[in-house]
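Both of the next two complexes hold chain A, though its partner changes from chain B to chain C.
Moving on, here comes the complex of A and B:
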């Protein structure tokens, strides 16, 4: 993979991170205190995020496995598990089938190796996937009275807010992190939970425009969390 | 370029607490570390089942410290694992032959509108067959329209009952003189084509083309009307239910090529979840055939052009008596000792159409070795023995010989099967030398024999051109065939070592460290290879071993 592709993926990662972390603090020049350049331009080379502490050479020490992006087949198999039967559709067709060739699934005639690189095209279609599949799941959830049969709002009622039922919102966020990412959230208020809660609350606030949030506004909040999780690198890498 | 290792680092940091002001990066940002049991379950499930675990499956790990062994064994017995292994093997067997042109216009009926406002009628697009039937490759009369004419034929030659044979001089055939030539128009009749499962489906087919004569005489031999040598016979058509002919591609050729791909996948199933040793993949003489494969082989494959793939059935080749529409019925047959697992299945032989490409893909797929050209060109006459500047013997050509000394004997092992074809070149039908072909221009000779009198070993059957005393390795390889070559690879341990390396790379997502200064996993390779062999070349055993390794359970 060339540096440009990694750069694009890095940008995608950074964007996804922004969704969950909020705006970054601009770099400040140590001497004058004025805002400094946010990006150094030079020859392509390994670069860590701004202000990241030094890391030990990961090639040294105990052998370990590498990381890989999920294949289209794995995504196609996983989405109905995560979303309880719902998946990405384009018209009436499964989106993973419709976009298989575009997203690099080999046909063993013209292409013989699956392209697992996180290209801009991949990021674009995965954003499409997340918005479509989450909308389907939330629409179905809204019509489902039994919470245990819901895909996203499993531990909350459609009227539960952060202010009114924080424990239920947190329980649902814990559920979503585990179901979507395989990430177990320990008790307490760890930062990863706080970030998701913040995302949900701000999305609801943006949807309601400062008024008392309705079911639709709250559903929009959960849809935002769902999309954020399905577009996060933690979902796409393992 | 940012190294790949930076990706998970960056990922971890994006989701980590803000690091500003901290002195040391979190552990997962700096060192390979063990994944927790939830992430390990996700990894196992994705790798072995092709999907993430369900929420309930994650929850079952609460209160435990590790993943029970039963979870892995359950995954290995799952439908998901069967599908994962199918995809894994397709990644190096490339079994898609949908681009191979089977249907030739001398053995295909295609719809054509014969008259303005008339419905489509099926007939041969081949000008030579039209000419044989009607006296002209393109008939066009004012009274009847194009080709056979748009009217129903219901009178057939009574001298050949049941064969729907058209008598060109009979009263029901319309004869017209066009530009001094008598042309014949026989009309059409209703036929139920073999590719339609619904028996009520009928199509119009020109009556000559739809004749049901089964055999004819070519020279002194009686041959099937479905054989390519019978193409010029007026009494031969497509046979009962058009069984000797290809139909529309989506209805016939596409169905056959899909079955070829599925045939390979079913061979993979046997070694992944079917309890068979992995060596069966390259050594088994058995294969499964469904209706489309059986009907294609039995009725259609003999009708071909020498300019396209050569798929004539082998002498005595077992073909189940299934109908073309029995798509989901698979029957196992023993193909005989010359066969070698997937290596001699149509999907492999037609995807890799030359002996060299078959040998190369076998070497890449099952021996984990690939040819690399030397960095320097060899000067003519240099080396010992001195290399040659020209000639078709690539084992002696300068520079070429580095690879071809090894490739030619390996390619020769695939020589007994027709290049650009599937047929086993039986010595009685394909003598190893044919002096009659020297200097011949016949399509058959040019397809199969060395016709140039100045070439090495003129008259030799092409794969046997260098199977002579001065090339003992080629001679031995072609006599032994692909199964013996694959067996030698199994016996040497190369097959097992390659399987281990491939599976390690697939699951651990990096190459094993077994070369040069980066070879700390060489002992592991030897240990796993030996274990794989001593455990009956069990693929599930190998997978279980790899996912139990510390390497698999750590990330960086």
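Moving on, here comes the complex of A and C:
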């Protein structure tokens, strides 16, 4: 039998093996030694019902509960903390309250559980939220002389640019990552800092059209960074 | 080497057979699903509170002695239509009673309807089918509603899976702005892609809020462009850590779809205001909708559903067209008055879908739409001590669609007491050796009629209502 024929037979046997091998129901998970599901009554080893979820090896460390999305109540509480009192408004009403029904906050009549999926509808309203709240914060920042009382331009002056005061821009970006995302930015020029600096610089450049950026252009840059952070997965997931 | 030898044949057959078995063994069910080639729309219409089927889709002749009180004794047929009790209180029912010689049963398109069904819906009877005698297995509103929404019996009060609209939206892989629009109704997504998740709205203003940016000028256009590019960059480390279950990826996908939604400028199609733009004014005319008084009516909800389907915004629309049907009191005066406007709105909606062509396909939207009209259960065939009707297990529903037979009555409730009866699934006729119809059977049949997969219902052991399929 030539080599090609051996190859054909080998492949056919491998395929048959894939099909013929039935689903195994080991009584004991060989990897962890934990009991697995079994139909065998009176088996010498401990067994679980067939529909029991896998047993986690307690020696393998604390398992993660998986990522979750913030609820509307959590967002409503978080935003004024992050933006120093500013929040999302629709007209005069709180935006989280106005959109609560559409975003699936339970009314305990028709629904008792909030859907925490990051759906397109959620993303759309969070885009509204970020743009509105950041505009409010930046408008207030522009009128506030004391940087420590500002929400977004905390470590920069309204005239600071990447080219002119890079250390102040970086300090502000580090602060924003920490305040918005709870993420510490290590020293140096890590990629997460470079991404935000690039976003700020490009937004300022696009707004100024290549001319010397004004305070309004720089505020537009910070507004864009603010929206970018508030619409990032890291802000909404934990 | 000879091309046609026995050994060669066995080798090839083994490989082909192995490949087929391998595909069956390894391909997950979801990947094996087929996407229908033709446009498929789904319209779910809910009548909230439990409808009286005597007034609607399972009527009885009120003149029969078996359906009347005699000397204070309950009707021997265990059914009291009570159509006459609404006399003078409901003009629509009065008109039907007069036209039918007191029977109250209207005939159209080979089907029979109760006196609460208006002419606007009767006009489409030939396109519709009625499923009668369906076992709802519950007398609890939430359970019945969620049972018919998902095709799966709820766990306690909680829905046990995705609702039909989400299943269809997910399998359609629709690229429309709001694939799964839900107007004043419940819906569920359990495991389907986020893009198929229901978008809940109460009215046209909500739809505009979804489709339009809240503050169009909050960021300059140039900043939006820079931000859109920023969003396309590879994720931060934090987002990678959060993406164990794909949640961060799902978030980014949704964020991209949200950008698409607001850039569509479809919000203008939903200017349901006192002075609407031309494209909305013509819709109002078709629905005979007075924008000064009726923007929150069920007709306005039906018009909203029609606009979403026919203007390419939604593939699947679910809408509640009657509220407050849970009449345990004074049913004769109230129930028909609550039902009839919903049926009228449904009739107008069907007419509108018939009048609009899908692209240049030569088919109307109605030709491509599958309809399910339902309530959580029905009401008792006899009146209670308060002249109302309580909850009854035997349900009915209204169906239509390109994959379903038209003008068909499938199943029946019993002549005495309107009980559930087994039917022959291949004909829908009564058969003591047959099966009782359940919501999971209905769901499986509707999905089959749309060329879609119903494997998510497998733990309910659904049976196809083959006699309803074309």
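Here is the rule we use: the second predicted complex is superposed on the first by the 176 of 238 C-alpha atoms of A that agree within 3 Å, B and C clash if a C-alpha of one lies under 4 Å from a C-alpha of the other, contacts with A are read in each partner's own complex, and residues count from 1 in each chain.
Methods note: a contact is a pair of C-beta atoms (placed from the backbone, for glycine too) under 8 Å apart; a residue touches a chain by one contact, two chains touch by 3 or more.
Note that this is a predicted model, so its numbers are computed, not measured.
Visitor: Is A:202 touching anything from chain B or chain C once the two structures are fitted on A? First, second, both or neither.
Guide: second
Visitor: Report for A:77: first if it touches chain B alone, second if chain C alone, otherwise both or neither.
Guide: The answer is first: A:77 touches chain B but not chain C.
Visitor: Counting only touches as set out at the top, which of chain B and chain C does A:192 meet: first, second, both, neither?
Guide: In the superposition, A:192 contacts both chain B and chain C.
Visitor: Touching A:228, do we find chain B (first), chain C (second), both, or neither?
Guide: second
Visitor: Could you tell me if A:124 is touching chain B, chain C, both of them or neither one (first, second, both, neither)?
Guide: second
Visitor: Check the residue A:174 against both partner chains and state whether it touches chain B (first), chain C (second), both, or neither.
Guide: In the superposition, A:174 touches no partner, neither chain B nor chain C.
Visitor: Pick one for A:150: touches chain B only (first), chain C only (second), both, or neither.
Guide: Touch status of A:150: no partner.
Visitor: Where does A:86 make contact in the superposed view: on chain B (first), on chain C (second), on both, or on neither?
Guide: Once the two structures are laid over each other on A, A:86 reaches no partner at all.
Visitor: Tell me which partner A:183 touches in the superposition: chain B (first), chain C (second), both or neither.
Guide: both
Visitor: Share the list of chain A residues that count as touching for chain B in one structure and for chain C in the other.
Guide: 9, 16, 64, 66-68, 112-113, 181, 183, 192, 232-234, 237-238
Visitor: Show me the residue ranges of chain A that touch chain B in the complex, using the header's touch definition.
Guide: 1-3, 6-7, 9-10, 13-14, 16-17, 20-21, 25, 44-49, 51-56, 58-59, 61-68, 70, 73-74, 77-78, 81-82, 106-109, 112-114, 175, 178-179, 181-184, 191-192, 232-234, 237-238
Visitor: Which residues, counting only chain C, touch chain A once they are in their complex?
Guide: 11, 14-15, 18-19, 21-22, 25-26, 142, 157-158, 186, 189, 194-195, 197, 199-202, 206, 209-210, 213-215, 218-220, 222-223, 225-227, 230-231, 233, 235-239, 242-245, 247-248, 250-252, 254-255, 257-259, 261-262
Visitor: Sort out for me which residues of chain B touch chain A in the complex.
Guide: For chain B paired with chain A, touching residues are 1-11, 13-15, 17-20, 22-25, 29-33, 36, 38-39, 41-43, 46, 49-55, 58-59, 80, 83, 87, 90-91, 94-96, 98-99, 351, 507-510, 513, 520-521, 550-556.
Visitor: For chain A, which residues count as touching chain C in their complex?
Guide: Listed in rising order, the residues of chain A that touch chain C are 5, 8-9, 11-12, 15-16, 18-19, 64, 66-69, 90, 95, 99, 101-102, 104, 110-113, 115, 117-128, 131-132, 134-135, 181, 183, 192, 195, 198-199, 202-203, 206-207, 220-221, 223-224, 227-228, 231-234, 236-238.
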